[in-house]
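Here the structure is laid out as structure tokens; the discussion comes afterwards.
Labels run A, B, C and D following the written order; every chain starts at residue 1.
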Amino acid sequence: MNEQGTSRMEAFSDGIFAIAATLLILEVGVHSVSGDRLDHELWHIWPSYLAFVTSFVVIGIIWINHHHTCSLIGRVDRTFLFINNILLLTIAFLPFPTKLVAEYLQKNGERPAALLYSGTLVVMAALHQVWWRYARNGRRLIADGVPDSELRAVDRAYAPGVFMYAAVFAVAFFNPLASVALTLAIAAFYVPSAALFAEKT
Amino acid sequence: MNEQGTSRMEAFSDGIFAIAATLLILEVGVHSVSGDRLDHELWHIWPSYLAFVTSFVVIGIIWINHHHTCSLIGRVDRTFLFINNILLLTIAFLPFPTKLVAEYLQKNGERPAALLYSGTLVVMAALHQVWWRYARNGRRLIADGVPDSELRAVDRAYAPGVFMYAAVFAVAFFNPLASVALTLAIAAFYVPSAALFAEKT
Amino acid sequence: MNEQGTSRMEAFSDGIFAIAATLLILEVGVHSVSGDRLDHELWHIWPSYLAFVTSFVVIGIIWINHHHTCSLIGRVDRTFLFINNILLLTIAFLPFPTKLVAEYLQKNGERPAALLYSGTLVVMAALHQVWWRYARNGRRLIADGVPDSELRAVDRAYAPGVFMYAAVFAVAFFNPLASVALTLAIAAFYVPSAALFAEKT
Amino acid sequence: MNEQGTSRMEAFSDGIFAIAATLLILEVGVHSVSGDRLDHELWHIWPSYLAFVTSFVVIGIIWINHHHTCSLIGRVDRTFLFINNILLLTIAFLPFPTKLVAEYLQKNGERPAALLYSGTLVVMAALHQVWWRYARNGRRLIADGVPDSELRAVDRAYAPGVFMYAAVFAVAFFNPLASVALTLAIAAFYVPSAALFAEKT
């Protein structure tokens, strides 16, 4: 080594993304085991559904971005693999704050739960920037033949991430539920933005 | 980007399918920890086995269909990846209603459990249709050289999905056990149907 | 479709094998949470370690066999994918009897636990035979250019599986601990046998 | 068979690495369910974060090394697959001592927890040596065209592993917290060392 194709890094990353997304469901559960009130309980745990859907969609979006960016990267080095692992660490951590949001939203304790959740997303977005900057600066790891316009399109797509999640973090101080709903809305927003940046390319 | 081969989408999807199917076993457990009655208890929890087998076979069948359909698709775009992620979300959700069926079947609460289970399958089948329609309409993402007859074969194979699961949902109102058994029977039915559509191709 | 390469079936299967093997550790745990006796407790739960190691090695061996056999198979059809899914179902089921063995070995209830464990292995070995026979008979799915001697080597390697596990099942009636130890010994035995059949090829 | 490319072994190994790393988060949890003190509790469980981060980074580093070494290996045989499975067994076991460290660090029982944790790492490093030695001796499984200088670089990189973890094990007798912190520091140390050995190659 020290430079190789991205295929095995992608396989390992896909594994972490897929497992973290699927483990989320283990945290969804009903507390009352009395069958008589199960139908009521299944409505009552809507914060669990919201937390599950939000985290799943967020992980899916990050995966799409990771996936797209990797297609521009032609080689990896050990430092990049290390940064990638730290980024994956935040993905793998996400089920824990998700569980807290599922459990505490609309109850005492919802504020620290929502702060840890959005704080994790801020760190994740920042690490995604570092990850991209390391590969992109001076075209360190960029594949030959990728036009600069494509790199700038990724720059534009990644630029707002940290700021958006920092705003969500601020909202979580005042209104935990709104901060989670906003997180879901941001993930949904990435689809039109994707159409946008495809046009500009 | 915006158009690429399907290989990494398939890797991510395979991961979700495989993990969701394997996590199902975590929900199977015995409540009585007294060893004296373990043999009795292992027969007593047959609804857990039924729920495990049904969900595993259902996920396996959807995986086979997803797998086959991907072989006809030559490229992906971000919207398709997004639809694929929402479809995967319902797959990843399935262990939760499976756990409920395992726990409540033949007890109070079996009706809401079976309704959530079959309702999830209705949504999943509908999303699978949307997923296929997006790729197929105007051959948007279909690989060159795939004959129209193959697309029509997939149309025929997917067409009954939503209706069958809607029927299962209706049955769940009156007889939760029958609705789960019917789900398993439908999954088994897909093998002869597969032979059928292979002939017509 | 109806015939394709084996690569995506292998990816899905690898996923199930890897996840089932790794989930086993979730069942290992200490009951006493008092830290004073943790060192004692960590020795005391040796049946958990035995069950974990045995199931992990068994899954690893089946994976090696599956892996080798797939290299002889040139195409798949839907029936083969379905048989493969049922085989994977037994792999995915294995963490449940493993948990029972871990919990009940050397206690009341060890007999039904060991019987379910070895019974699962009997079914798994039988399905592996069906899986291989379906692909091999009349060289239905065998890749061109694979010599018959290689197929016979696999026949020889798979032939004793069902009988050995049936013997383990019989032993479990009289001595549950011996049956688990025997399972581990059989998995270890497959390495010399592998050397053997490589010679004959 | 008996010699094949490494791709499917890598896929299976990647699966185990990725799942073991991601399962670690399931062991992180809060005990007090009273929402009033959730913010306090989230700080209080810092040993869980330390254990999670340490094990995740350790698994990530081993994965990077495994990944790099596989790129030098041109074929596998069954014995090598078996050694690889035993190595993976120790990776898959790691979530258990990680959970113990998370639960008992800074409490009664922290010593046996830290000893099992570092002891597992000693065994893992020793097996990694055996794994590499088996492939490397007489260039048994090394791909053609790999220069001897690359093999010696791996020798140098792997050589200190067992000794470092043995030192950590010794530290765990006297200061469990220091032993875990040292483990994390060792994992971080591998990045500069990587730069070093890239230069020498």
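Couple of notes before you dig in:
Everything below uses one rule, namely that contacts are C-beta pairs under 8 Å (C-beta built on N, C-alpha and C of every residue); 3 or more make two chains touch, one makes a residue touch a chain.
All figures in this text were calculated on a predicted structure; none of them were measured in a lab.
Contact with subunit B and subunit C alike is made by no chain in this entry.
Distance from subunit C peaks, on a Cα-centroid basis, for A.
Under half of the residue numbers at the interface between copies subunit C and subunit D are found on both sides, making the touching surfaces mostly different. Rotation angle relating subunit A to subunit D: 90°, from a CA superposition, given to the nearest 5.
Between the CA-based centres of subunit C and subunit D the separation comes to 25 Å, rounded to the whole angstrom. In this assembly, the C-alpha centroid of subunit A lies 36 Å from the C-alpha centroid of subunit C. In subunit B, the residues that reach two or more other chains under the touch definition are 11, 15, 19, 23, 26. Taken pairwise by the contact criterion, the protein chains form one closed cycle in which every chain touches exactly two others. Only residues 10-11, 14-15, 17-19, 21-26, 28-30, 33-39, 42, 52-53, 56-57, 60-61, 63-64, 67-68, 70-71, 191, 194-195, 198, 201 of subunit C touch subunit D when the two sit together in their complex. If you check the complex, the residues on subunit C that touch subunit B are 1-2, 4, 8-9, 11-12, 15-16, 19-20, 23, 26, 77-79, 81-82, 85-86, 88-89, 92-93, 95-96, 99-100, 103-104, 107-113, 116.
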